[in-house]
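Both of the next two complexes hold subunit A, though its partner changes from subunit B to subunit C.
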Partner chain A sequence: MNVKALLLSLLLPLAALAQAPVIQISGANFRPLPLAVSAPLVQGDEAKAPAGKLDETLMYDLRASGLFQMLDRASFLADAKEGVTAGSIKFARWADVGAEALVKYTVAQENGELRVEARVFNVGSGREEFKTTHGAPVAVPHKLAHQVADAIYRHFTREPSPFLSRITYVRKSGTNRDVWVADWDGRNAKQVTKGGINLLPALGPDGQVAYTSYRQGQPDLFLQQEEGETVRLKTAEGQMATGVAFSPDGKRVAYSLADGESAQVWVADTNGGNRKRLTDTRYGINSSPSWSPDGKRIAFVSNRGGSPQVYVMNTDGSGVKRLTFQGNYNQTPDWSPRGDLIAFTARDERNAFDLFAVNVETGKITRLTQDQGNNEEPAFSPNGRLILFTSTRNGTPQLFVMTAEGNNQMPLPGQEKGAYLTPDWGR
Partner chain B sequence: MHPAVSQSLLVSRRSRLGLYLGASVAGHVVVLLVVALYARFTDGPRVDLSQKPIRATLVRLGKPRDAKLLPRKEQPPPPPPKKVETPPAPPTPAPPKPEPTKVAVPMPGVKAEPKPTPAAKKPEPSKTTSKPTPQKGEANGEDRRKRLFGAFDKFSKSSKQDEELEGAEDGDPHGDSATAEGERYFGLLSSQVRRHYDVADTIPEAERLYLKAQVAVRIDRTGEVLEARLAKASGNALFDSAVLAAVKRASPFSPPPDHLRDVLRKSGVVLEFSP
Partner chain C sequence: MGMGSNRGGGRVTMSEINVTPMVDVMLVLLIIFMVTAPLIQQGVKVNLPEAKAAPVEAAEKKLVLSIDAQRRVYIGEAEVALEELETKLAANAKAQADKELYLHADRDVPYGVVVDVMAAAQRAGVTNVGMITDPSAGGRASNKGKKEAKR
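Let's turn to the complex of A and B:
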């Protein structure tokens, strides 16, 4: 016994000296990464103009992603002529302006092609972590910018960015409402319809555009394949089909079909065949379907309980469950590609339209926008990190983007006069 | 043989020195082995500080919000971060507090207790002024005592400004701190680091589940960091530099208590970070 005690008393101080105590620390505060992107080093005068456009697009992409705190170039302390290799960079100067990561890139033009070489450095360790080169025709610097931004985004998050995806929306001009398709930031926009009243467009996973159009008198669904061929999805005579939504695999569509008394949710193949009605209420509205990412459930709006609320059901129409119990005017649900949230528009007690998100499992509602005009029509980015929506905070409705938590709300650049309505985000 | 002869020192007898020597050497070898093995198979004392502090909020007086209504944000969406310049206040040390008997972080010859106050909520000087640096040539013990208390007061007040208020830092005046002194200081360290523990949003969610980095820190008697190095990298360079930066921003720490001073200066302490 005594021997043991003696041994222990001998051992313990020794062990304490040999081994430092370990303290466990968790509960990090996650916040956007302070990122410095230095102005591009442009080789040759002819590349200057496209490099400027490229830089503008690249900076917007990174800023709007909500993941980076883009540091102001005016505050940079480093020499403007500083090199682009780790050896020639004075990292202390970048650390002094608060940067944790640094992006440097060069732009060169040869044979009508714009080439970008970008490098990402860890300011703390002073190491080059990533290098990427991209090329594109001089005419499309924004495309090149999206590619570079995507590579940088992937380097940090190891997941695809939304920068290469496309969006669709309706633009009002005069009495016309036309469907447009554009890059995710609204640049590079192409008009899909030519005049008339066209409503509620949706983008399929393969680039197909579906929308409601009055082009043949009666409102009906039209589907334009990526190659440009447009087909009419036959729906029942004398009924109005709206709110089309593509299934995640792009093979089916859901939409709402209204007659005089009620509106019901239907699904069909993208050629109009194999139609099936999912809801069956004698009166009232069932509309605005949105597919879950696994393609097994559909969220929709119904006023069967007295006021419009968000419901979910299986794709065969079974298992209908009401999801929202707060507010008395909830509509336009959009299911996050991550599956956990459904964003929707609601009118609050002050008669303001704002965006909310409801957790599909718990039914908990969080508010995303507040006190800034009317905010409507949420559409998740393909990675579920961003939400595109319309806002009247600057007057006419315009397209805005924010993070899925409602942070970093920014207008899309270069929007013209005339209302922008009902956006949808494709892949 | 005469019995007296057998006890005589002049008669040579079989020596047992070899036996004792052998036993002694064997014993030492065993001791060393045990020490080596102990060090090999234990990570040292572990302190679990993941326990959440209790947070209380006072509910505003007024009518409750109708459960049928949609929620409102408590604050409008956060505007882009603005830097608020807080002018460094003149270094006037606050007067010493009257003293309960319990000891929080003992100083040489001084009984100190961080001010247990939820009351003070004044705008406070930036943290650099709260650095307790004992200076040479201080003749007056009372001076020094005042300075230390001033530092503690400022520190505990400036910490109140931060969002994340850790209960451990000031603790309960009636807490049983006397027996858990070491842990208490580690708790203080932990909360000081955690306040600066900012990690980039860009770290993929899948990685957040298993990221783990260890920073070995050595601290001198004033709380100044002598050395902070990455003992075990997480595999994500951004995370590694973020945790190192957290330790650097959190330093200097509060001066360690007497009995930890040597350990912290020589072998230091390991901070194990997970998101």
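Let's turn to the complex of A and C:
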């Protein structure tokens, strides 16, 4: 071995160490990291209002991630004017509130742009670990907050956060059920449909929205490009099409097509071409398709065994395998983008709807929600770490988020009156 | 609850112990013990009382409340108004996880002030309070023993 190779072999473990995540998200050793986020140092009075909104969104993102024990600002002992560099911070005061990591950030406004400089410190060593700067127009402080939260999340986990992704859902208002698209936390919501009955929306990887609508009398599939017009998916001549799901590459859709006697799962290109029926049961229902992250398999619900259960099959319809054997009512499967789990809604022995996850390989079932109203319609975040769902624990169904293990259940902020239904998380 | 079910039966003996007063008493109680000072390096200067009682060796660092001779109260090295102490401690993740803190008070601080601080800590959910004392001047029995053993 020459000297160069020896040096390289010495350096490699160091490089790997530098890349190691601070927080190991999965595994038995996971413990939320006690994190103090100091209130922002705002430069200039005009930046105060947008900085307040930014702070609220940033704090929500970090709290909802489930990675951190977010320390209460009411306990903080540092001087309000304490600086944002390691030399000016009294780390003992942060250790005394239990912090292991500290985030400090400044907000400034220049020429209609809001700028954030955020730093992450290790309280024990008193060192600055990470610094990130971001800018966005003053009108969208939430967007800027998501960017800062994403940078902090990436620093601690070495993987992308869910904070820059989008969600879609149905909101009931009067007799209408409309499709909406929003930021991951439900803010910045935009109405996609204008009245009528619209159901079961799905978000494609390029921002396309597909949904079922009764605008032509019978349920049909519609597809709206992010900035474009709405086209009807020509997949459903004379039959009822519902429950569309995008393939991971966004080129194919799976959906359920019903006639008088049965409902079958079909796949097609997003323009309606290459239609193919995947299930073939004489009677009964096959519905709610969800793609595996590699695009090779589809999870779906079928009552071919007598009660609705979760099944998986290959995308050509072969290799059908039943996955759930407990309970007599399991539905709305959603395949984790990490591939290992399928979350679903089950009716338990007390007739309450709750969320469960089944391991695709072992069939092991884990309960995610319990004793808090009806919890339905799970949808995994793009990184597979969070699950969005609806819950009736506060009365009408609202959107909630929790970790993939069922911890840290929180409602999305700023939800208005009227039921929120059938969410989907853009991948 | 127990009494309501015995309506009309005047001679029925109450067989349950009424635990309410006992719980009240328990809530008022703080567990108090002595801690030696050298472990606790504090920025706040106080003249610690000397104590001959055998102190507890603190295994890990707990949150320290200091009261100096001017009756100023500190959490760690940060001065806190007495009125804010309860709020600060109730929100403090370290105090809430440990349920224990160390009191580092000057020997000339009136007993009433110490009790005020301890009461605030107790209302904030702290159950154990370690009283930091000065082992060097006071008769720290175990230390003397060690020295003698060395000779």
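We take it that the second predicted complex is superposed on the first by the 396 of 427 C-alpha atoms of A that agree within 3 Å, B and C clash if a C-alpha of one lies under 4 Å from a C-alpha of the other, contacts with A are read in each partner's own complex, and residues count from 1 in each chain.
The rule we apply is simple: contacts are C-beta pairs under 8 Å (C-beta built on N, C-alpha and C of every residue); 3 or more make two chains touch, one makes a residue touch a chain.
Keep in mind that this is a model prediction, so the values were computed, not measured.
J.: Between subunit B and subunit C, pick out the one touching the greater number of residues of subunit A.
T.: Looking at subunit B versus subunit C, the one contacting more residues of subunit A is B.
J.: Kindly classify A:Ser318 by the partners it touches after superposition: subunit B alone (first), subunit C alone (second), both, or neither?
T.: So A:Ser318 meets neither subunit B nor subunit C here.
J.: Once the shared chain is lined up, is A:Gly98 touching subunit B (first), subunit C (second), both, or neither of them?
T.: So A:Gly98 only meets subunit C here.
J.: Who does A:Thr175 touch here: subunit B (first), subunit C (second), both, or neither?
T.: In the superposition, A:Thr175 touches no partner, neither subunit B nor subunit C.
J.: Return first, second, both or neither, reflecting whether A:Lys90 touches subunit B, subunit C, both chains, or no partner chain.
T.: Touch partner of A:Lys90: subunit C, not subunit B.
J.: May I ask you to decide whether A:Gln409 touches subunit B, subunit C, both, or neither, giving the answer as first, second, both or neither?
T.: After superposing on A, A:Gln409 lies in contact with subunit B but is clear of subunit C.
J.: Name the contact category of A:Arg367: first (subunit B only), second (subunit C only), both, or neither.
T.: first
J.: For A:Ala74, is the partner it touches subunit B (first), subunit C (second), both, or none of the two (neither)?
T.: Touch partner of A:Ala74: subunit C, not subunit B.
J.: Go through subunit A and flag every residue that touches subunit B in one model and subunit C in the other.
T.: On subunit A, the overlap between the subunit B and subunit C contacts is residues 69.
J.: Hey, which residues of subunit B end up touching subunit A in the complex?
T.: Result: residues 31, 34-35, 38-39, 42-50, 66-73, 76-78, 81, 164, 182, 186, 189-190, 193-194, 197-204, 206-207, 214, 216, 237-238, 240-242, 244-245, 263, 266-275 of subunit B touch subunit A.
J.: Contact residues on subunit A for subunit C in the complex?
T.: Checking each residue of subunit A against subunit C gives 34, 69, 71-75, 77-78, 90, 92-93, 95-99.
J.: Help me check something: in the complex, which residues belonging to subunit C touch subunit A?
T.: 43, 63, 75-78, 80, 87-94, 97
J.: Sort out for me which residues of subunit A touch subunit B in the complex.
T.: Interface residues on the subunit A side: 7, 10-11, 14-33, 66-69, 100-101, 122-125, 127, 129, 156-159, 325-328, 346, 348-349, 354, 356, 365-367, 369-372, 406-407, 409.
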